[in-house]
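The following blocks contain the structures, represented as structure tokens.
Here chain A shows up in two complexes: once beside chain B, once beside chain C.
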Partner chain A sequence: MAATNDIATRQAQNFVAGLAGATPLGLSSLSDEGRAALAELPVPTRRSERWKYSPVTAMLASPVSSAPAPKSWPESVPANPVPGLDAYRVVLVNGHVVPEACDLPVADGVMCMPLSQAVKEGRIAPGDEDWTGYHKREWVGAVNAAHAQDGLFLSLESGTSLDRPVLVHHHVTGADVASCPRHRVCLGDNARAEVVLWSSASNQASGMVNAVLEARVGAGARLGLDKVQHEHGSIFHLAHEHVTQGKASTFRIHTLTVQGHWVRNELSVLQHGSGAHTVMHGAYLPKGSEHVDNHTTMDHTVPYCTSSELYKGILYDRSTGVFNGKVFVRQDAQQTNAYQQNANIVADAGASINAKPELEIYADDVKCSHGCTVGQFDDEALFYLKSRGIGDRAARALMVQAFIGDVLEGMGSSEVADEVASLLAERHGWM
Partner chain B sequence: MPTEHAAAERVFHSNKPRENHGEHNTMAYDGEDKILEEVTGKAYEFGFTTDIDSDKAPAGLNEDIIRLISAKKNEPEWLLEWRLKAFETWQAMVEPEWPHLQYTKPDFQAISYYAAPKQKKELASLDEVDPELRKTMAKLGISLEEQKRLSGVAVDFVMDSVSVATSFKDKLAELGIIFCSMSEAVKEHPELVKKYLGSVVPVRDNFYAALNSAVFTDGSFCYIPKGVKCPMELSTYFRINESGTGQFERTLVIADESSYVSYLEGCTAPQRDENQLHAAVVELIALDDAEIKYSTVQNWYPGDEEGKGGVFNFVTKRGMCHTRAKISWTQVETGSAVTWKYPSCVLKGDDSVGEFYSVAVTNNHQQADTGTKMIHLGKRTRSTIISKGISAGKSQNSYRGLVQIMPNADHARNFSQCDSLLMTDRCGAHTFPYIETKNPTAQVEHEATTSKIGEDQIFYCLQRGIDEEQAISLIVNGYAKEVLNKLPMEFAVEAQKLLAISLEGSVG
Partner chain C sequence: MLTINNLHARVEDTPILKGLNLQIGPGEVHAIMGPNGSGKSTLASVLAGREDYEVTAGSVDFDGIDLLDLGASERAREGLFLAFQYPVEIPGVSNLNFMKAAVNAKREHQGLEPIAAKDFLAMVKEKAALVELDGRLRDRSVNEGFSGGEKKRNEIFQMAMLEPKLAILDETDSGLDIDALRIVSEGVNAMRDAGRSFLVITHYQRLLDHIVPDFVHVLSEGQIVKSGPKELALELEAKGYDWIKEPVA
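Then we have the complex of A and B:
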């Protein structure tokens, strides 16, 4: 066993060496810490509980390197992938912001710019470079910290709100490319913002995307995230979102994996102020031999908070899915109301799902429940539709849409929801 | 204590007809039964030590100790080799850290791996049994002559590691049922032992299974021949008796084709200051169309109110179900400082059924990480998991379960329900279910809820003159009823009392 680990460690060292050429973001203490942690932290393998269903061994097998900053945004790709969406834009290619294609808001109390610019302007105080310590706990986090490139910097003063959502579009092009975008969102008290995180990749693209988003939601503030993964090619996508919520704040996220070769989404939400509310929705419909892993952590640390989590997946062909939802209710978090639901359909022989809905509860006056199911479509419902003259294919499509439909509810913008629905319909032949 | 005991014995032996089953929970507040009066004794009721001369190996574990154990038990060469191989495997393994438990790891070199009550000659009748031992049995409420006359339960009583007396053997022998100690089975039925020992729980299965395979001293062996329905509930009492001795039981139950057996296992242990290690292995084999019902009431010493002392219970229990066979695990866990236990079913044959019903109570500083594994291999296999956790004091109670549907298990079905009840704001209740499905026709459902004991319900009882302790006992018994109903009659009564005793003064 030790021998296998040595191979993984050696592979990891080679892999990381390929990233060394990246243009540094300028957060030097963060990258120093990241580099130090890379030498210390174990590489995720099947032997680690958190990574047993999604080892990164396959990714490490083919070396990657950072791509140079592109001259311009690729013409063949629309900078705004969502037709009809009226949004501010921060666009990135292979981890680099392309300033010409960006459209940034200018308003009192709003600071929105590429992260690299914020670093240059000294808007990130020393010692405040990182809010989570993720890079000290996880090898993949250390990779991002050590080699972070650029991303969104959004900061709203108290009481301000954005009139339009901010679209962050990350596109990958080229073979064996490593991209490490890093985003930072900070909402002052009672501020409001909607962010759309869209990732795409060209057909020939391959390599790794290792993305981190850190957000702070102030008291009474409201942050919404629509996160869509629609990547062609064969990308290993590791994403980590970490959100800290203040008193009576609301955080909502929809994580929708339309297409992706190998995806691992890690989402953790920490409620710091009482009365906070969190909504986490997610859908995954992998095909072929795709792999989608959703790890969520909901941490209730203070009283009177609520959370509601709904993840649904349909696994086609030989695809694999993972859902690991963890709900913590700390000792002081009395009167918590936490709900978690995960429903899966294994559509074909060869597909598989590994689900692990976890509760860790240390307070007594709480209401917590979770449910997890794996099943098939209801034959009787199918028969009902067919008996009314709807063909087998159309009837199945209708049922899939109904199954996924409630996950799409409550998204920040209806344009994004419509686009996701039509991309799914196109991909799975529901038209 | 003596008066309490008389009552305990009476309840245990009462041969009430099955129809009374539904009334169990009413007994908790039935004045005549005096169960609640017994409950008021706060100290660990069965905490006493019997003073018997004991044949004890020096502390430590090495090949020589294993050879000594094997020699003491006059074992054949193949078994010694098996043990030595297991020891080699164990040495290469590391103690698991994934359970949600915090404890000081036992020092395996400080434990004595063999202790046997001195027994020179074969016993022809009960009169020849050491009077000290007889007294212990009486205290436990399982005096053998009483058992024979009243209860119709055959008891294979294990004192530390060697079986000292077995009853009803003749009656069972008429049907061809073999029910004896493991050491006897090794001598009398080597072909069965050789075939099945380690077939369900392989030596390298886990750290404690490997340790057990190397040093197990005794346990029960049971074989039910083809087509035989065992007419009585087979029962074994385990008891850790010798100071500083680990208990390594090995149980093997084989139900041949179309047979049926119900097996009971219950434990109490004397009060101690140092932690005692208990690492048992139980293997069940249900051949085609057979059914095994395995019930456990576990009440090892949980440590004092500060969590000092108490038994470490690291048990591997697993059953293999062949075609159309059924294995049902029922457990009531109230004891142990640390529990690590996952009675599992491998549903190998088509149409086989696995069931798991569990009530786990933790109080004071107890910790439990318990649950089950249902591994679906055959077509149309079904499994049910009902787990009820009750946490009180400063305890931590975790459910950890695996439901695995393999690619060939077409139309497999699982239903799991895990409920947790919290009694104080300083305890914890956790759920870690693993669901791994690799088949498109499988149907798996899991649900879990966590809630506080109902203040309204307690208030309702108080209003009607039922005091708080009784009210809690009533509510908890109602909450756990689904599982308690699955227990055989005698066990159900004992289990109810245990629940009440375990939760004494626990409401925060």
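Then we have the complex of A and C:
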């Protein structure tokens, strides 16, 4: 055991050494804390409960390094990957913002800029560099804290709202590249914003994307995230979103994993003010030998809050999936209404899913429901469709679309939902 | 239209159809009656191409085509239709999208362009009226939350949409009250014509009062043991099946 641990630790040290060249974002105390934590925190291996089904060991085996800032946005890649989406843009290549390809909103009460610029302009106070302490708990968080490059800085004053979504497009190009984007969103009371987080990668891309997003949603405010992962190549993608919600606020996220070699999404929502509402929906359709892990935490700490969680997966070929949904209902969180559902179809014999709901309820007057299913395609339904002349492929496509339809339906942007549907159709040959 | 010759079929290791012969001409309505478990639904499933059943001997000629050589969807495109004894609920798939996919699959097979949206809706309206299937049901997920009668009406609606050459109705009368039985039967009768044949599987004579067959067959233990004119159904209703359990030589 100890020997394995040593190997993992040594590999981790080598791995991190390749990141030293990263352009410092300028959040120096965060970076220092991250470096210190890297020396202390255990590397996520199979022996850690939270990483049991998604050890980063395979990632550590190939050294990576940070890429220099690109001269321009790659011509072959559309900066806006979503046809018809009318959105502001913050675009990044290998962790670096490409200013010429950005399109930022200018409006009273709205600050939207690269995070590096916000740091330079002194918009982040020294004691306020981080809101979650993720880097003190998790090795992957420490990696991001120590080597964060750039990302979205969005801050809306009370009562303001964006007239269009902000598209944050992160693209990876090149082999063995390490990218550590970091985003920060702050909505004042009653402010409103929609953000589209889009990840892409070229065919030859490999390495690590380690992305962190921290958000604060003020009282009565609404934040919506449409998060789409569509990465070619073979990227190890680690994502962490941490959201804190105020009184009567709404936070919604849709996480759609269209394609990705190895993906771990960690989503954590903390309700701070009563009457808050949270929606966390997602869908994953891995094929080949892809791996997709969704770890979510919904933390109800105050009364009269609601949450609705719905994740749906279809696992093809030899792909593997993980769903872990923690729901805490703290002692004070009376009248909580929490709903969690995870439904999976294991489409091929070689595929598998490890699904685990974890509810911890300490309040007595609450309504919590959860369900978790793992099944196959319904043969009766398939035969019924085929008996009307619909071909096998088309019949399966109808059933898949029906299965994930209620996830796509609730997305903030119908253009993004349509593009996800068409990428999936193309990828799985449903056309 | 359909010639079944010495058909043997089994599920797993259990033989169910044991040398079944049947001939249906164009425009004819044949009824198959028989006790529970005699193999009526098995015959329907085997003809429609359900994969759980293995055909171990025999042949089926469908309008000049070797039916057993085709998959389920190809059979449907060639003009075979099965109204299910137990129609399947498919949450999330709208009835209309389902029918559009089915109509277009058939049209593609015939070398036609996909149907225009306007024409499709007109067709839906016309065919739904035939079985009094209201708009609410048409727009919902396939059979989801439908009553027994609504499901059966939906089967006949689908049949009307797809205009098959041969329709097999598997106990379409079960679970229907007298009004629904009348509606369903009128829907079927409206579709009778010289080029379209029906195989009506039923337990009871009462359906055959409405859909009057040209021939009645008795299925017992995987074989047709007696055939006759429509009056045979009345005789079966009066005497039961016991008197003809033995196969005719």
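Here is the rule we use: the second predicted complex is superposed on the first by the 431 of 431 C-alpha atoms of A that agree within 3 Å, B and C clash if a C-alpha of one lies under 4 Å from a C-alpha of the other, contacts with A are read in each partner's own complex, and residues count from 1 in each chain.
We take it that a contact is a pair of C-beta atoms (placed from the backbone, for glycine too) under 8 Å apart; a residue touches a chain by one contact, two chains touch by 3 or more.
Not measured: the values here are computed from a predicted model.
Touch criterion met: A:F403 reaches chain C, while chain B stays clear of it. By the touch criterion defined above, A:G375 reaches chain B but does not reach chain C. Partner contacting the larger number of chain A residues, of chain B and chain C: B.
In the superposition on chain A, A:K356 makes contact with chain B only, not with chain C.
Contacts of A:I390 after superposition: chain C is touched, whereas chain B is not reached.
Those residues of chain B that touch chain A in the complex are listed here as 98, 100, 405, 407, 420, 422-452, 508. By the touch criterion stated above, chain C contacts chain A in their complex at residues 48-51, 71-73, 75-77, 81-82, 84, 87-93, 97-99, 101-102, 105-106, 109, 141-142, 158, 162. By the touch criterion given at the top, residues 378, 380-381, 383-392, 394-395, 398-399, 401-403, 405-406 of chain A touch chain C in their complex.
Here chain A touches chain B in the complex through residues 49, 331, 334, 344, 346-376, going by the rule given at the top.
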